Every structure is written in structure tokens, then in C-alpha cells.
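Two complexes come next, and they have one chain in common, subunit A, joined by subunit B in the first and subunit C in the second.
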Partner chain A sequence: MADGTIGLWTVPLAVLGGAIRVSTPFLFVSLGECITERSGRINLGLEGTLVMGAMSAYGISYLTGSPWLGVLAAGVTGALLGALHAGICSLPRVNDIAVGIALMLFGTGLAFYLGKPLIEPTAARLPAIDFGWWSDIAQVRAALRINVLFLIGIALAPILYWAFKTTRWGLLIRTAGESADAARAMGYSVLSIRLRATMVGGFLAGIGGSFLSLFYPGSWNEGLSSGQGITAVALVIFARWDPLLCMWASLAFGGAAALGPALQSVGVTSGYHLFNAAPYILTLAIMIITCSPKRTLTGAPAELSITK
Partner chain B sequence: MTSEVADPAEAVAISPAADPGFLQRHGGTIEYILIPGAALVGALGVFGVFVALFGKNPLDLYFYMYQGAFGTWFSWQNTLTRAAPLILTALCTALPAQLGMVIIGGEGALLIGALASTSIALTMQWAPPLAVQLAMAAAGMVAGGLWIMLSGGLRQYRGVNETISSLLLVYIALAILNHLVEGLMRDPTSLNKPSTREIGAANMLGSIPGTDVHWGLVFGIIAAVASYILIYHTVFGFAARVAGGNIRAAKIVGLGVGKLIMTVCFLAGASAGLAGMVEVAAVQGRTNANLAAGYGFTGILVAFLARQNPLAVIPVAILLGGISASGGLLQRRLGLPDASVQVLQGIIFVFVLASDALYGRIGFLKGKS
Partner chain C sequence: MDFGRISRRHLLQGGAALTLGTALGGRSAFAADTTIGFIYVGSRDDYGYNQAHAAGAAVLKKMPGLKVVEEEKVPETDAVEKTMESMINLDGASLLFPTSFGYYNPHMIKMANKFPKLRFEHCGGLWTDKDPKNAGSYFGYIDEAQFISGIVAGHTSKTSKLGFVAAKPIPQVLRNINAFTLGAKLANPKATTQVIFTGDWSMPVKEAEATNSLIDQGVDVLTCHVDGPKTMVENAARRGAMVCGYHVNQSALAPKAYLTGAEWNWEALYPKFIKMIAAGEAIPNFYRGGFKEEIVKQSPYGEAVSAEARKHADEMKAKLIAGTYTIFKGPIMDNKGKTVITAGTDRGQKDPELEKMDYLVEGVIGATS
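This part shows the complex of A and B:
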């Protein structure tokens, strides 16, 4: 604590900064999953996609020196994993939840395998924009060093909301998710709509992973993601498949996840691991409050296996 | 699985080749062996191509995998030691699957079971070893059982998806374990790797005579056989399968679905909790972060590869135990990273699921009627 004058204000400030920094992967994964689930399929494999995205972004950034190429590579990797998921799910009698679990294991395994040589070297990281220039307090400035990806994510949420409501492909995705028969009757291939929706979802999740390795925490190691991907998938469910609610929920999650490190910085270390588990406990608690055995969730795509 | 031959003697008399009805009756069973087997071979092939891309000879790979898994008595023992927790964690997925639930939180129940059994062993240091071991097993099973029952209850009474809740509970279990191991339960002498105190050499489970394989394997086999009998040869198991097949039909015939879900989830969690107890009492001797070795996650794969059949879980767990046992040799001889086992498991999982599409589509197994 360089500046003693703000004292305990460090904690809410760090939580705010954390909400901005930590929420970005949640934001991208949940928006991506939102698109996939709206088309009537659930991809639990985004946990693996996140880790693969982080690894490939770090690798490409290290090799080319350009972090933005890394972000692109992460997106492409994610889209490929999405295509794999959609491809297997399009076979008859294959359960999309099980395929997601398989790709979760496959993605993390592959990332650890390919990422072994990347633990040592340092790759070029994504730049941050300094929004705290007006303040003299170091903590405020640290909290307001914001990455462009965060801003893109925040902008993406209302765009998606609008796109689902009004655009042609938004309607197509929703039709495939609500009634595959209706989409088929209109002459569209449900499998191909879902393939594209899963690939876009994977693309966004991969970018979320690139944020982990290229900005915060900003390095590649095997403990980089521990359940952020699956938390984000759960988040979509209680955000009622609404991109705007996904955004708010991601911010809340980022704040919860920043609580542990923030308290540690002011000397509260006793419950460190429990505070680190805050996002998972929060997810579970919100799911318990918002779910109900009596009715299907409002806003749930009717074709989604998880709510049937 | 049921044979329709009335007289067993008659079945023996007719050789399979001469019996035109043989394929028709046993086609299903053959399918259950043939298709996952083919998926496994396909996955090994793809993995061979994968390592070939990194300049390794796939034939070397297969040779060392076989050597490391089943080549020597030493590797067999290593394989069986790893198979023991896999059988138990696989049951944590296979039992709820009978009810149509996808539980993937075996790792969490294993950790909680380990924690509970360690706690009870540390408070019972005065008691004779057998009493300590029994108490450990009971504590591990109850704790693990309640942990997965939580997921089951949330599904039944709050409509929370059990797949996601059970996975979230894994991370919560790990946080609780780390919290206790680094705080309340920490052995002050464990500096680099925070751990609890040791349960004591006298309380360790020991090996099956004549081997280095611990008694956990026997626990696993007993649990698997008992689960099989429960599911396929009791009224309770029949009710569970009815509920798994058609929940509405189960309600119409008056089955207490909630009670079924809670009981099955408890048994599933108890099994994974027992795996945690075994890992503490037979391998680690204490609780620390080493216990989160991924047995719970590999157990999911075992259950799916065994097509959720508790009896088939045993050979599949030995197979997957063999793959993970060969990891060390692959690292030393071929210079493959330790994650290669994980990659192979992922590929196998993908192949097994994709092969679901093949059931009932293999021409010669349909029989000519």
C-alpha cells in the first residue's frame, strides 16, 4: 500500500478494478455461449476452448510479436473447436452435454500438451488504455487501466441484443433454438445454423481465453483457468439467455472473483481460498434462487437439452 | 443383456456358427463390445498421427504404452493401483446415469471424502487400526454421498442442472480442501506442500498379499459388482431404470422419483468418497492438494466408455488406469509431455461419443429374421 490515505477504500476499488479486468473472459464466453444456446445447443466444452484460446494466443503472440494476431489465432482455434463440437453433435443420437464434457477434457489436455514450451518465455501482451489519468492515486489508476477487449465485449452485448431481436440471422438462430421443425419447414438447415452458432460461440470464447494469457493474469501456465469457462456457461442460464443480462452478470462475477486478491492486498489472508471460490458459490447460489422445478425457465430456448 | 435360451444345456450344445439366431440374440451385447472397441482403436490411431506430427514414431508409442501399462508385472501393479480409484469415481457417473442424470462432480466427492476420512483418522489416533479404517471409510462415504446428494437434491427440488452444479461443487470442494489444509488442519512441519498431519503408518490400508496393489482395488470391485446387482437385479434398480427411461411413466406408476434420485446420488457420491478415503489410507497417508489428481474426471470417461454399466466399469477402469500408468514411460522414453495422456483421453472420449451414432446400424449384427 503505497498510499495510506485511502486505507480500506482499497478493497472496493480493487473489486471495481477486478470487475473490469476479471470479468472480460466471463463476458466473452457467456456472450458466445449465449449465441450457441439460443440456437438450441449447449456447449459445455467452452472451458477447454478458453484454455486452448489462452495457449494459442500466447504462442502466436510470442512467435510473431503481435498480441492482436494472438487474439485472432485464439478466436480461430475456438471456432475450430466449436466446429468439432457441432460436427459430432450433428450425428444422430449424440448428446451435446456429453460432447461438451469430452471437449472440455480434450481442449485442456491439448493446451497443456502444446503449451509446455510456452511456460518459460514472455510474449508480447495486449496494451491497456489509461482511463485513470485524472487521478493521482495509484490504486485508482491501476483500477482504471482498461483493456480494449473489455470495451469490445461491453459493446458487443447491446449489439447482440439488438441483433437477436431485429436481424435476419438473429431470428434464424432463435427459430432453430425454439423449434427445429419450424426452421426446417422454412427450408433452413438446422444443423448448419447450429454449426455456425457454435463456431461463433467458440470464436468468442477463444478470444476470452486470449485475454487471460495476454492481459490478466498475463502469462501462460496450466492453472490459468480453473472453471471460468463452466461458470460462464452457467451464467448464461441465469442471465435468461439475454446478452445484456450476461454482461451485468459477468461484471458481478468479475467483482466476486476479485474479492479474494483484494482482501489479501489489505492483509486479510485467512479465507483466501474460500474467497477465490466466491464466483462458484455465487453461481450456485444464483442458480438455486432463480431455477424452479415447476416451470421451464422463462426465455429458455425450447430445443435446449439442458432445460427439457 | 438377457439371454432368451430357456435351457442352458441347449445353449451350450449349439455352436454359435450353426445357430442362426445367435447374432439376433447376442447382437446387442456384441455391439456393446465392438463399437466402443472400434472407437478405442480409432482414437489410438488418431493419437498415433498426432504424435507422428511431433516427430515421434507411433509404433514406439504403442509399444511403450503397452510396456508401461501391461508389459511387466510391475506395470500391471501400477495399472491396477490406478484403476482402483477410477472404478469408484466412474460409479459416481454411472449410477446417476441410470436415472438419466449426468453427474460429473466425482472429483469433488473424492476430495470431500478424503478430507472427511483424514479428519476422523486424526481424531481417532487412540483406536485400533481396523476401527480407524472402518471409520475412515464410513466418513468418506457419508461425506462424498452428501456432496453429490446436494447436486441431486438441487436438481429434484430446485430444477438446477446437475451437470453444472456438480462441476461447480468440484471447485468449491477444492477451495474447502485448500482452505483447511493451509489453515485449521495444517501440519506445521509441512513447509513446501501444505498438508494435514499423517494418519499414521499403522492405519494405512496395506497391500493385497503377494502384490503391491492396495486393498482399494478390492473395494472398487466389490462396489462395482454391488452396483450392478442393485441396478439390474433388484426392484430398486428396476425402479431407477424406469424413472431414467421415462420420468412421467415412473410418476404414473407411483414411484417416488425424488427418493430415487436422492438415494442414487448418495450411493454415487459415497463411491467417489470411498475413492478419496482409499487414496488417503493407501497412497498419500494425508490430505493435500496431490489428491486432486484428476481421477474424478477420468472416471467420467470410464463411465461413458463402459456405457454406464457398473460391471463393464471394471475392465474399462483397468484399461484407462493402464493408459495413465504408461504416461511416465512415455515421458521418459519418448520425451512426450505429461499432458499427452490427457490428450489421448480426450480423443478417446470424443470417439466414444461419436460412435453412439453407430448403434443399431451395423448390418451384419441385425440378424436375418
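This part shows the complex of A and C:
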């Protein structure tokens, strides 16, 4: 330890650090999608929203010098894209999955187009809070430099869980998702509930994007998301539309993403492609374990186009 | 002729060629105003490989009588053939630079056969005698610059542990890792290079994770071979580690942490090509070089580089330019203990054996598979 190395401890530490660093975008996108899907709609366009959020956050932070304005801009951009999705889906006989795919391509394409001049400049980044002050091991301190967005995301999960269960608007979202007829009978507009739910979902996904460009990896480029948005949408399904499970699944994904590089760094070099694929293997494994031909997905909102 | 088989594209081509022919009036291919087409596989401003080429193209844009057309993010599929055809037929390009490795075969070869009067220059160095004479390939021995970066890194590292974030274990990447390590060992025989492969050319989250893992292992100087080094440079600098750049000068991203870097020097090479053409000389079909031929260059040393390191690096660079030093000089062992270059064998920079490199030299921690 005298030379500042921690040997094999790097691996668990990197997985922990990775869970904290890499999971935040997954967390925000999956919580956002959780709200949208609970209201009875799937927004596959969140990959595009994530990338647009990352780009607009970086741009605004660069122009104004304030990363928090960037986060806000990312959220607003996300909410607008969500409104677009919900708006198109309110038209009769429109398939929400097809619209989602279109918006995914639209969002990433638009972000790449508008983001061209932003690749070179360096924008102001979000600050980190040092939770590792108690440790004199540099590696631990580095792993515990936590961004406040991560904490907000972690806090949001139980709040959403509670809100779905006990609040009035939580009940309304669930009603719209379980039975549109029931919601209508109660005198509520299903389309307006879904519009709001999709906008909130987009808002959160946009903020997830701002974390990518303003904190970790911390700059704007076109390979930034590499499919994290779409992974997070899939994550909602195996988290059974439960915000708390979404949180755990996001943390597991973040940790799994750190596994490949960490193992190589301690000398486990064989099969690194396999370890790099860890997050995807994890998805498959969970899907296989939890699926059953005898029953439908538990917890799936009845109005979702995939379960109908 | 079977008119039923004329495709729309051929019809368009014919039309465009006719218009072009009339407009130009049978002028020679490389007259005063020549149009040059540049094709990039990624984004033109990626702070990396494609930006280096775009910087070269930008120099040509300023030269009188030259018009440059560019297209970026062209995949290595028949999409690049369509891009080349449209640059030729619609923009009237007579010299094309498809700059990515995978554009060459079969795409550029096909186009070179189809347009025998035009000139095609590919970056990557794959031309053989069997290929069309109007096609050429050029490449730089950037491992020379990585070797110098290694010397600087070896002198600067306090822990004697260096890190290398690499995309894929292909010969060019392995050659860079090995040259970097050999340079570092020249400066500090105890130095080791830990390599992490991310699996692809642009994986920002993986690159950032690799950077953090390396630093957690005590690595204090890092370099990389990925398409956009920005992620590695910024994340390493945030953790207080030093960096050596790649492709272009990234010192603006981390002025204090940036030691030096291996850069392409297309700004010098492309005008040379144009001069050769203007003088009526043929560009050699197989064109390569390192420092001496000004195809690669070294970033200016950062403030953290000691006087001793500067002196050693400059000395070795002078020797490379003079041709009195060979980087891959036997005996060299790989990191599994096998002799890969026997004692007495000098593998000079042009040695084709080096193009097949599939090993990591002693001192590198990591494996190719």
C-alpha cells in the first residue's frame, strides 16, 4: 500500500465507483420511462432524448458558464421531445413504439447536427461532492466523488415508489395505465395524463443526458451515449415497472460496465470482450430467469401496447 | 447495348459527366482549379483521427486554385462508393482522399478502376502491385512519435507505471503500445505499461472507466489509441495524472497535465502531394514515412516535462530523423517470455514484418486476446 496501489481491491472499488459514476443516466432514464409506461405508453425515443439532453446541457453550460442552467435546459429539451411524442401518439391509430423509434433517430440526428461546434470547446462541469474525506486512500476518495444528480436520482426512486402508491396523481397515472376506460369514467382525460407523464419522463431523461456531458465522462461527443438510453428503457421492463427495482437495476448496470476495464487493469486479460459485454449478459440472464410462459409479466400496466 | 440495364445512377453519371465535359472543355485533370474530395469515417472535429485529416484539408482550402469538398461520417460500406461517385460526378473532384482504413478494399479499388483518369489517395498503406496505378496509399510511422512520448512518460512517471487506453488489438495499435513501452524503458528500465482494450474506436464511458481503473492501479502517465482522446485526456487530468496525446495536439484540454503527444502531420503532407501533381510528377503509390518525411510530429513539450527528459527525447528524435536508431531492434521479448525479434535483427520502420505485429513486448501488462 505504501506505493499507493491497492492491488486486487481495485476491482470491487471500481465496480462500486462505476455503480456511482455510470449508473446516473440509467437511473434518470429508467425512472422517467417508469412514469411514462405506468401511464400506459412506451417512449422508445428516450435514447434520442438522452443525447439531445447531453448536447443541449453542454451547449448551454458552454454559452452561459453555468452547468446548472445546462441541466435545466436539458430537462426542458427532454420535456419538449416528450410532448412531441405524446402529441403524435394522441392522434388516432398511431403506434407509440414506431413513433418512439422515429423520435430516437430524430433526437440523435438533431443533436449531432446542432452539436457539431460543441465537440471542441470545454464547458463548465457540474461539481462533485467529496464523500471520501474520511479515507486517506486516493482510490477510495476518487470513487466517492459523487455528483448531486446521482443523489437526486437515488432519492427520487423511493419518492416515486411512495407517490405511485399513495398520492392522488400516482393513482391517476396508474389508472390511465391499467384501464383507460376507468380513467375516462372518472372524468379524466387519458390523453392529457399521458401527455404529462411522457413530458415528465422526457424531462428526467434529458437530465440523465446532462450528467453524461457535464459530469461523466464529462464532454460532448457523438459516441457519448452508445445505446445507454435504449438499455435503460429495457431496464424498466425487467425492473417490473417498480421505481425501487429500477434504482437497483441501474446500479447493477453501472457496476457491470466498470467490470471489464477494472479486470483488465489488475491483469485479468483473457476474455475482456466477454467482460465488456457484462451489462448485456446481465440483461439476458435476468430476462431468462424472470420470464415464464405460464404467466404474463407481473406489474405490467395493462394498457401498454406490448402487453395488450 | 442493353438499355434495360442502365441504372438510374449510370444515367445520372453519364449526364453529369457530359455536363462536366462540356463545361471544362477537355481540360487536363489537374488544371488550375482542381476539386479535391475528402471523406472521413467519423466526425470532422473529434479532437482525433478525423480532425487531423480535416486540418490537412483546411490547409489545401487556403491554397489558390483548389476547391475542397468534404463529407464526414461515411461508413466503411458501399456508402463510401456513392460518396466518391457523387464527389466525382456532381462536384467534379479529380483527386480523392478516402481517409479511413476500411475504405480501401474493395470500395476505393472499384472506383479507381471505374475512373482511371482520376487519382485516389487512401490513408492506411495497403497498396500493392496488383492494385490500379491511379490508386495510392500513404501512411505515417506514428510509432516513432509514440516512442518519443514513451521516453518523456518514462522520465516523468514517479510510480514507473504507465497506462495505455487502446481500442482493439490490431497491428497498428500494438505497434504504438510497444513503441511507447520501448521508449519508456529506455528512460526508466523499471517502467511498465498497463494496457486496457475498450473493444471499439469510440466508447467514451468505457474509456473513462479504463482511465479511472488505470489510475486506481497507481498509473500516473497515460496515453491512448482511440478515435477521440478527449475523454481520456480530460478524465486523467481531473484525477491528477499526466497524459500524452494522440492524433492531434490536445494540450488545450489539459494544459498542466499534457506532457507531449504523437500527432499526424497531414498539414505538411497534403500540400506536398499537390505540389507533386502541379509539377507533373506522379505521387508514389506507396508513400510512407515518419518524422523525417514530416508525416508525423511531436506536440511541444508541456511545462511538467523536465530538462533531462526534453534532452533525452530530442536526442532520440534527432537519431530517428538521421536514421541511426532502430526502435524494434533485437533482441526483443514479448510479455510471455518468447523472443519475437532475435538478437542481431533490426526491424527498420519500413519492415513489413512490423505490419503483422501480434504481440506485446516485455514490460507491457496486458494481452492481445
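Just so it is clear, the second predicted complex is superposed on the first by the 292 of 308 C-alpha atoms of A that agree within 3 Å, B and C clash if a C-alpha of one lies under 4 Å from a C-alpha of the other, contacts with A are read in each partner's own complex, and residues count from 1 in each chain.
The definition used in the following text is that contacts are C-beta pairs under 8 Å (C-beta built on N, C-alpha and C of every residue); 3 or more make two chains touch, one makes a residue touch a chain.
Values in this document were obtained by computation on a predicted structure and should not be read as measured data.
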{"item": "Subunit B versus subunit C as contact partner of A:187, first or second or both or neither", "value": "neither"}
{"item": "First, second, both or neither for A:283, with subunit B first and subunit C second", "value": "first"}
{"item": "Partner chain(s) touched by A:95 [first = subunit B, second = subunit C, both, neither]", "value": "first"}
{"item": "Touching partner for A:221 - first (subunit B), second (subunit C), both, neither", "value": "second"}
{"item": "First, second, both or neither for A:119, with subunit B first and subunit C second", "value": "second"}
{"item": "Contacts of A:262 with subunit B and subunit C, given as first, second, both or neither", "value": "second"}
{"item": "Residues of subunit A that lie at the interface with subunit B and also at the interface with subunit C", "value": "112, 116, 226, 270, 272-273, 276"}
{"item": "Residue ranges of subunit C in contact with subunit A within the complex", "value": "42-43, 45-47, 159, 194-199, 202-210, 212-218, 227-228, 230-231, 234-235, 238-239, 252-253, 365-367, 369"}
{"item": "Touching residues on subunit A, where the partner in the complex is subunit C", "value": "3-6, 10, 13-14, 17-18, 21-22, 112, 116-117, 119-120, 122, 139, 142-143, 216-219, 221-224, 226, 228, 257-258, 260-262, 264-267, 269-270, 272-273, 276"}
{"item": "Of subunit B, residues touching subunit A in the complex", "value": "102, 104, 154, 156-161, 163-165, 167-172, 174-176, 178-179, 182-183, 297, 300-301, 304, 337-347, 349-350, 352-354, 356-357, 359"}
{"item": "List of subunit A residues in touch with subunit B within their complex", "value": "44, 84, 88, 91-95, 97-99, 101-103, 105-110, 112-113, 116, 226-227, 230-231, 233-234, 237, 270-274, 276-277, 280-281, 283-284, 287-288, 291-294, 306-307"}
